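Structures for review follow.
Here chain A shows up in two complexes: once beside chain B, once beside chain C.
This part shows the complex of A and B:
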C-alpha cells in the first residue's frame, strides 16, 4: 500500500471524525441533560450553517460575527424546541418513542422550511485560511480542517470543565440524574432542561458553521449528520464527554479505511454496521463507564 | 353498522366518480396501509419503533421485478420469493437487533434502513441501481388485466381488507394477548412463560412479510422500480402513518395511510410550502394526538375502546 495514500485517507478520516464528534457532542449534551435522543441535532447544524451564510453573504457581516450568529441561532432554536414542544409533552408523561418522533418531526419541518425559503441549492461558507492546505509529509489537509479539529477539541475540554467545575453544569447533571433530589436542594429542574437544549443547540449550530466550508449546506444534510453523530456518541459511550470524540475519530478512520478497499458507496454501510454491532456488543461504548439507560 | 355500510358504498363508488389521479393516490393509500400495518403492529403491540420497513418493501418490489422480468416466472412466484426472502432476512437480522430496546433499537433499525438503501443502489446487477428495472408486467386476475388505477384499486383494497381481518384475528388470539402483556408488563409476561425475545422476533418477521407484500404490489402497479423508492424517507412515512393513525387500533394504519398519501396530494396545489405544512402537521399530531387519528375518530363517535 502506498504510504502517502494511506496517510491522505487517514487525514480525511480524522477530519470527518471530528465533524461526527461535534454532532455527537451536542447529542450527548442533550442526552445527559434530559435523557432524550435528539433526532434534530443535524438540523441545528443546518440552521447554524445557513444562518451564518445569510449573515455573511446577504447582510455583509464579518465572518467571525456571522459564525457566532450561526451558533447563537442554533442555541435559540434549541430553547424554543424545549420550551414550546418538549415541555408540554413531558407534562403529559410522554414515552421515549414519542420524544424521538417529536424531534424527527421537527427535523422534517426545519428541513422543509429551509427548502421553502432557500431552495435546493447547496452553499459553501469560506473556511478559516480560505482554500489553503497544509502539507503533512506528502499528504494534504485543509487549514480549515486543522482549525475544526482544534476547535472541536477545545469545545470538548470546555464542556468537561463546565460539567465538572461550574455550579450551573453540576446542577444540570444533578437535575438529570435525580430530579426530585435536585428539586429538594433548590435546583430549578425545568430551567436546567431548557439550558441543556440551549447548550446542545449552541454546539450544534457551531458544528454547522465549522462543517459548512468542508461539506455544503443543503436542506437534506441534517439526517445523515445526526446519524453519524449518534454513531460517534454511541461508539464512545453516550455518558462520557470524551466519548463522542473518541467514537467520531474511530468512525471517521474506519470509514476512510473502508473506502480504500470497497467502492465508496459502501462507506455508510460500514459505519452503520459498526453502529449496530457496537450497540449490541458494547452497550456502554468503548470508554464503557456509566450505565446507559434504555438499552 | 349503518356507518360501515355507507363507508362500503362510498368505497365501491370511488373509482367511478373520482378522477384518475385521486384513484391513483388511493391505490397508494392501500399499499402504504399494508406496509404500515406491519410497522403499526410492532409499535402498538410490542412497543418497537422500526425504521427498516423500506428495506422489506424494497425486497418485495425487487423480487417481483426480478422474478417476472429476468427469470420469466409467473407473478405469484415473485410475491412468494419476496415474502420468503423478507422473512428469512427479518429473522436473521432481527434476532440480534431485537435484543436492543427504546431509542437504541429505533436507531439500529434506522441504520438497517440506510444499509438497505445503499445495497439497493450498489447491487445494480440485481436491482438496476438508480436506473431501476422497468417493464414489470401488470397483474392479471381471472383474465382481467389490472392495468388501470381503477382496476388495481379494488385489488389493493381487497388485499388490505384481508390483511386487516387476519390482523384482528391475531390480536384476539392467545398470541395477541401475549403481545399486549409484553408491551405493558414485560417482566410479568416473562414470569408467566412468554418468551419475550422470540415473540418480538416473530412479530418482526410478520411485519417484514407485510412490507414485502406491499412492495410486490407496488412493483406490479407502477411497473418500474428504482432505488429512489426505497430510501429512509419511505421508512419514515411508514412509521409516521402508524403513529398518526394510532398504532393500537386496527383501523389506525388505514387512517394514517390516508393522511400521508392524500394530504401531500391535496397540499401540493399550494406549491413548495406543502412539505412544510405537512411536517408541521406531523409535529402537532405527535404532541396533541397520543392515540392518533383513530383515537380522535373514536372520541368523535362518542365511544372509547381499549385496545
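This part shows the complex of A and C:
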C-alpha cells in the first residue's frame, strides 16, 4: 500500500471524524440531559450553515461573525424546540418514543422549509484560509480542515470543563442523574433541560458552520449528518458525550480506510455495518459502562 | 412560633389523595417525629412538603409563607432541606461535586443564611475528608446517607427533613447517624424526622405524630414516649407491632 495514499485517507477520515464527533456530541449532550434521542441534530447543522451563508452572502457580515451567528441560531432553534414542543409534551406525560417522532417530524419540517425558501441549490461557505492546503509529508489537507479539528477539539474541551467545573454544568448533570434529588437541592430541572437543548443546538449549529466549506449546504444534508452523528454517539456509548468524540473519529477513519478497498459509494454502507455490529457486540459502546462516569 | 405548620393537607398521586386532612407542626428548635407503618403516607407527606407532588387541599406553611404556589426547587430558598427516602444523591458525581452543588445553590437561594460550610459538615462526618473524590455510588449505604445529610445541611435550612435515615443500615451506622442528629438538635436545628422505628424516634424527637392510612391518628406529646411505648394496644394498632427494639 502506498504510504501517501494511506496518510491522505487518514487525514480525510480524521476531518470527517471530527464532524461526526461534533454532531454525535450534540446528540449525546441532549440524550444525557433529557433522555431524548434528537433526530434533528443534523438540522441544527443545516440551520447553522444556512444562516451563516445568508449572513455572509446576503447581509455582508464578516465571516467570523457569520459563523458565530450560525451557531447561535442553532442554539436558539434548540431552545425553541424544547420550550414550544418538548415541554408541553412532557407535561402531558409523553413516552420516550414520542420525542423521537417529534424530533424526526421537526427535522423533515425544517428540511422542507429550507427547500421552500432556498431551493435545491447547494451552497458553499468559504473556509478559513480559503482553498489553501497544507502538506503533511506528501499528503494534502485543507487548511480549513485543520481549523475544523482545532476548533472542534477546543469546543469539546470547553464543554468538558463546563460540565465538570461550573455550577451550571454540574447542575445540568445532576438534573439528568436524579431529577428529584436535583429539585430538593434547589436546581430548576426544567430550565436545565432547556439549557441542554441550547447547548445541543449550539454545538450542532457550529458543526454546520465548520463543515459547510467542505460539504455543500443543502436541504437534505441534515438527516445523513444525524445518522453519522448517531453512529458516532452509539459507538462511544450514547450517555457519554465524550464517547461520541472517540466514536466519531473511529467512524471517520474506518470509512476513509474502507474507500481504499471499496468503491467510495460504499462508504456509508461500511459505516452503517460497523454501527450494527458494534450495537450487537458492545451494546454500551466502545468505552463500555465504566467510562461513563461523570461524562 | 412554629417553623412548619400543616393544616388539613390532602396530597397524592395522579389527583388521588393519599393524605387525608393531615395536620402537624414543628416548632423552632424542635425535633418532631412522624412514625407509622409502611404505606401510612409518611413519605407522601415529605414529598408534598418538598413540592414533588401537588397539594390538593389544605395548607403547608413555612414560617409565615404558604408553600403552595412556590415551585419545588425554590422551596430550598424558604428554608427547607430534605433527605428523601432513597437519598436521591447524584450517584455518578463525586462526593465533592454533590456537596459543591448544594453549597452553591444554598448560597444562591439563601444569601445570608449561612450556617454550614463544607469544612463544617466535614467535621460532622469525618470520613468525608478521605472520600471527597469518590463517586457517590461507590460509597456504602451508611456513607451515602451521611453525604445526603451533609448535602441537605449545606442548603442552610431552617427545617431539616429526614425521611427514614436509618432504613437498611447496620446498627453501628445507625448509631453514628443518630449521634449526628443529636448534635444538630443541640445546635438548635428544627427537625422533622420520618421514622418507622419507635425507639429511634423516641431518642431523636421531642414529640411525634403517628400516621396510619394517610391520617394522623395519634399524637405523642413531650414526655409521653415511655407511656406510648409501653402501650401494646396502641403499638399494635398503629404500627403493626413494629415498635423496634427497646433501647
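As a convention for this text, the second predicted complex is superposed on the first by the 288 of 295 C-alpha atoms of A that agree within 3 Å, B and C clash if a C-alpha of one lies under 4 Å from a C-alpha of the other, contacts with A are read in each partner's own complex, and residues count from 1 in each chain.
Please note the rule applied: contacts are C-beta pairs under 8 Å (C-beta built on N, C-alpha and C of every residue); 3 or more make two chains touch, one makes a residue touch a chain.
Everything quoted here is computed from the prediction, not taken from an experiment.
Among the partners chain B and chain C, which is in contact with a greater number of residues of chain A?
Comparing chain B with chain C, the partner touching more chain A residues is B.
Please indicate which partner A:188 is in contact with in the superposed arrangement: first for chain B, second for chain C, both, or neither.
Only chain C is touched by A:188; chain B is not.
Considering only the touch criterion stated at the top, classify A:174 as touching first (chain B), second (chain C), both, or neither.
second
On the A-aligned overlay, A:64 touches which partner chain: chain B = first, chain C = second, or both, or neither?
Neither partner.
Per the contact definition in the header, classify A:130: touching chain B only (first), chain C only (second), both, or neither.
A:130: touches no partner chain.
Using the superposition described at the top, list the residues of chain A that contact chain B and also contact chain C.
292, 294
Given the complex with chain C, which residues does chain A contribute to the contact?
For this pair, the touching residues of chain A are 164, 167, 170-171, 173-174, 177-178, 180-189, 292-294.
So in the complex, the part of chain B that touches chain A is made up of which residues?
43, 47, 49, 96-97, 99-108, 110-112, 114-115, 118-119, 121-122, 232, 236, 239-240, 243, 272-273, 275-276, 278-280, 282-283, 286-287, 290
Which chain C residues qualify as touching chain A in the complex?
Going by the criterion above, the answer is residues 50-52, 71-74, 76-77, 81-82, 84, 87-94, 97-98, 100-102, 104-106, 108-109, 135, 151-152, 155.
Considering only the defined contacts, which chain A positions touch chain B in the complex?
37, 85, 88-89, 92, 94, 96-98, 100-102, 104-106, 108-109, 111-113, 115-116, 223-224, 227, 230-231, 234, 263, 265-266, 268-269, 272-273, 275-276, 279-280, 283, 292, 294-295
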